[in-house]
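Two complexes are shown next, each including chain A; its partner changes from chain B in the first to chain C in the second.
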Partner chain A sequence: MATSNPRTPLPSRIVMAAIDMSVSGDLPLGIATSLGRVFAGFAFAAAIAVPLGLAMGAARAVERNVDPLIETFRPIAAIAILPLAILWLGTGTAAAVLIVAYAAFFPIVVNTLAGAKRIPPTLLRAAATMGLSRFTTIRTIIVPGALPAIGVGLRIGMGVAWTAIVAAELAVGAKAGGGGSGGIGQMMFIFYAYSIELNRIIVCMIAVGLVALLLDRGIRTGMRLLMPWGVA
Partner chain B sequence: MADAAAVTAAVDAPRRRLASAAVYLRTMLVFVLLWWALAAWTANPALLPTPRAVAEALVELIGDREVFMHAGISLGRMLIALVVACALAVPLGLLMGTSPLLDAIIDPTVEMLRPISGIAWIPLALFIFGIGNALPLFIMTYAAFFPILLGTIAGVRQVDRRLVDAARTMGVPQRTILTRVVVPAALPALLVALRLGVASAWTAVVAAELIGAPSGLGYAVEWYRELLMTPQVMVFIGVIGLLGYACDRAVREVAARYTPWAAETRAMA
Partner chain C sequence: MSAQASAVPDDIKLRLVNAGKRFGGSAGTQTIAVRDFTLDVRRGEFLVIVGPSGCGKTTVLNLLAGLERATEGSVTIDGRPIDAPGPDRGVMFQDYALFPWQTVWGNVGFGLAHGPAGAGLDAAARERRVRDCVELVGLAGAEAKYPHQLSGGMRQRVALARLMANEPDVLLMDEPLAALDAQTRMIMQDELLRIWGQDRPAAQRRTVVFITHAIDEAVFLADRVAVMTTHPGRLKAVVDIPLSRPRGDATRGHPQFQALSQHIWSLIRDEAQRAAVT
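Moving on to the complex of A and B:
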């Protein structure tokens, strides 16, 4: 049978490969590199998308003028702009961070806007009647009201960001001839292309799944602790 | 009162659509002007071509039918993948939604596989299928499968129990209950699920074609990048976005047409 071939994936071999890769530090390092890029890109995306979404929700003029741009670029998958990112920023961390930021931006801005627009108009009218300034209205009514929706956006954005980083690193690994810069996605591609090690590819896939799950659960728990009133 | 308001709204609708189209054009015009200025300032057509160069590339690629060829291949792959994913996920979802036992047996596997994105399967799938049609088809089917399955299960679970009970009281056989009561009641949720499946399949096809297919839009983008023909790269990126939007729109139209009563449909519009 083919199971005598040491490359054929077997649960026992996958466990051995996982132990081996964890002890040697390759797997933790790869995950850490990818996570670092995800957090960097995610931070950029959130820093732009949340204020933009709030501004769009607070002022109709901003929404009307910015929304076409967002709706035009939203259907373009982050992976599709990867070739442009490589062209502009090379095959290193900068391109990966750009892809992550682009991917995470849209869910965050769309959800923030939806959250800001869902605030009961009576609250806004009451604020206007009581003479609150625009800034105070945003700070005391729109932000707290939109917070649960922002949380949902951040959670979805994080999921998309993690998928995007794996795709970006895979593609960079595939197209840069191995001259890329690490990360779990590239690690997988090297196990495919240069040393056909199916067991290790499967370990990486499981790791990708586990990290996705942990990120999602982490944000969920964080949101529940931060805003018990939310419905995220 | 309400009727008068409705009539005014109906009369205003075309005018409002025109106004929003004007706003759209104004915004995109500003965008193109900024792009032009930036391109002129960079003065490096390989890095950032002018809008004009991209437009010329578009005309050229339409002229020699290359856009249509790659778009057709990618769309065809997506259609096949969606059909396969629906054929697998919808019956499975119906079973899991109606039978707690099956749900308890299958759900752990689903929850284990679901966090592993379709894209993470690419290296293993490359080894199994090689470069060709099978790889993007597999990745897309996988990517579309989970949203459709989960949406179907959720849709079946939210079907009004009383409808099913009423049918049962009237002696309707189990299979007819499924096809005549459960499926129509779950249809809006199914269409929402299909929409999510389309979105995730379309993202996956680009990634899969970029890495491991000899044709299709993702392949074309990467091919022209290697040739440093940036205007063509941008044309294909634009086509990917446009078709992604068109597919999403098509599902929404289907939903509006066949399930106009549903809250889900209105939420989509």
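Moving on to the complex of A and C:
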């Protein structure tokens, strides 16, 4: 029978593996480690990308200068900067956070910019006829007007952050030879390269997916609370 | 209606002298929206600009608002050149330009909260002003609603209240009633005159420049009607409307009202017909 090989993934084996990994604490620990890195990298990315995107949307000069830079770096996969990240920051959390931040930065900045530029010009004209200063216009018109697009950027950025963390931890795991810094991606590397447990890899995949789903719902709820006018 | 370039008489609020506006770059591709437009708007006057669509009415309004700059001639308020928007000239936009993320209350009080209109007013005074304006336009009870929860007529009232709350010297209104159904429109015409203060002495009224393509609306509202023609937009005639104020339903049925409407129609009929077939 094809199922005689105990490594062949089966639903029942995946459930058993999931229970085993949860009870042992390995899975929660791995998720927690990765989650911390995702949060840190995502926070860095958002803290830079949202203000930058708004500034680009508010001032043509900023956009003209910064946009080519962003569009040059955007196609370069986050994983491609891994060698540099490891060289500079080692195989620990710092390198992983940098890669997550790099990956999440682009969707957030691009969407924020698009949102800031899509604000109906008549609203900006209305603000001008009321004598609003430049800064007040950004704060009271461009920020709330771009908020729906910022929300989309944050959601995409969060998804990208997860793909980046798994890739980064896999690669760091390979580099560190199975030791090193932990996290869900490194767990997957160990199951792949050392103990060869496909069922456990699938458990990790599902865990990442579920955590990312929860985070996405969290962002959506947060944006809804921020936008009680609810047109988006 | 002389248009000396020198000192502007005290009773003239807005003055356009040979004002023109071209769009586009090189000579061949330019569009002339407005040409050689000379008009004085008197202090406290309700002036309506009427004309077929595409005649440059909105461009004239934007020149007065400072949202666009004249490429020829001069545009002044109290003798000072207009080169930028300012809180002394409030604009009511055709699409109302309400902020979707602000409630009715937030929209009406927006200029007071974030612009120079609120300078020198404490929180209580601002709140009183917003409340007065909300009540003035009949929106009491809807303060917490967002624009997308309102009907077209109510949005238009919010825009009017927002304009009034800022207490600008000059009210510039770009077809504010165009999107309303016929009944709501007539009611809003009455309301507009009441809010403008048609039962007050002329010296206490604000200066209004109001754009419309509806001739009956122009005659009903205006002290004077400026008639524009197309391609390029020019001033064809200025018609005095000597109908007594306050005006109401009786005005609409008055023979003089009909005669004035007929007269203005005769001024733009050829233009309108040409516009309709091209």
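Everything below uses one rule, namely that the second predicted complex is superposed on the first by the 222 of 232 C-alpha atoms of A that agree within 3 Å, B and C clash if a C-alpha of one lies under 4 Å from a C-alpha of the other, contacts with A are read in each partner's own complex, and residues count from 1 in each chain.
Here, contacts are C-beta pairs under 8 Å (C-beta built on N, C-alpha and C of every residue); 3 or more make two chains touch, one makes a residue touch a chain.
Please read all numbers here as calculations on a predicted model, not as lab measurements.
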{"item": "Contacts of A:Phe73 with chain B and chain C, given as first, second, both or neither", "value": "first"}
{"item": "Partner chain in contact with A:Leu147 - chain B first, chain C second, else both or neither", "value": "second"}
{"item": "Which of chain B and chain C A:Gly131 touches, first, second, both or neither", "value": "second"}
{"item": "Which superposed partner A:Pro83 touches (first chain B, second chain C, both, neither)", "value": "first"}
{"item": "First (chain B), second (chain C), both or neither touched by A:Leu123", "value": "second"}
{"item": "Dominant toucher of chain A (residue count), chain B or chain C", "value": "B"}
{"item": "Touching partner for A:Thr221 - first (chain B), second (chain C), both, neither", "value": "neither"}
{"item": "Chain B versus chain C as contact partner of A:Ser24, first or second or both or neither", "value": "neither"}
{"item": "On chain A, positions contacted by chain B and by chain C", "value": "none"}
{"item": "Complex contacts: residues of chain A adjacent to chain B", "value": "64-66, 68-69, 72-73, 75-84, 86-88, 162-163, 166-167, 170-171, 174-175, 185, 188-189, 191-192, 196, 198, 201-202, 204-206, 208-210, 212-213, 216"}
{"item": "In the complex, chain C residues that touch chain A", "value": "65-67, 84-87, 89-91, 93, 95, 97, 99-103, 110-111, 114-117, 146-148, 166"}
{"item": "Partner chain C, residues of chain A touching it in the complex", "value": "120, 122-123, 125-126, 128-132, 136, 140-141, 144-145, 147, 227-231"}
{"item": "Residues of chain B defined as touching chain A within the complex", "value": "20, 23-24, 26-28, 31, 46-47, 112-113, 115-117, 119-124, 126-127, 202-203, 206-207, 210-212, 217-218, 221-222, 224-226, 228, 230, 233-234, 237-238, 240-242, 244-245, 248"}
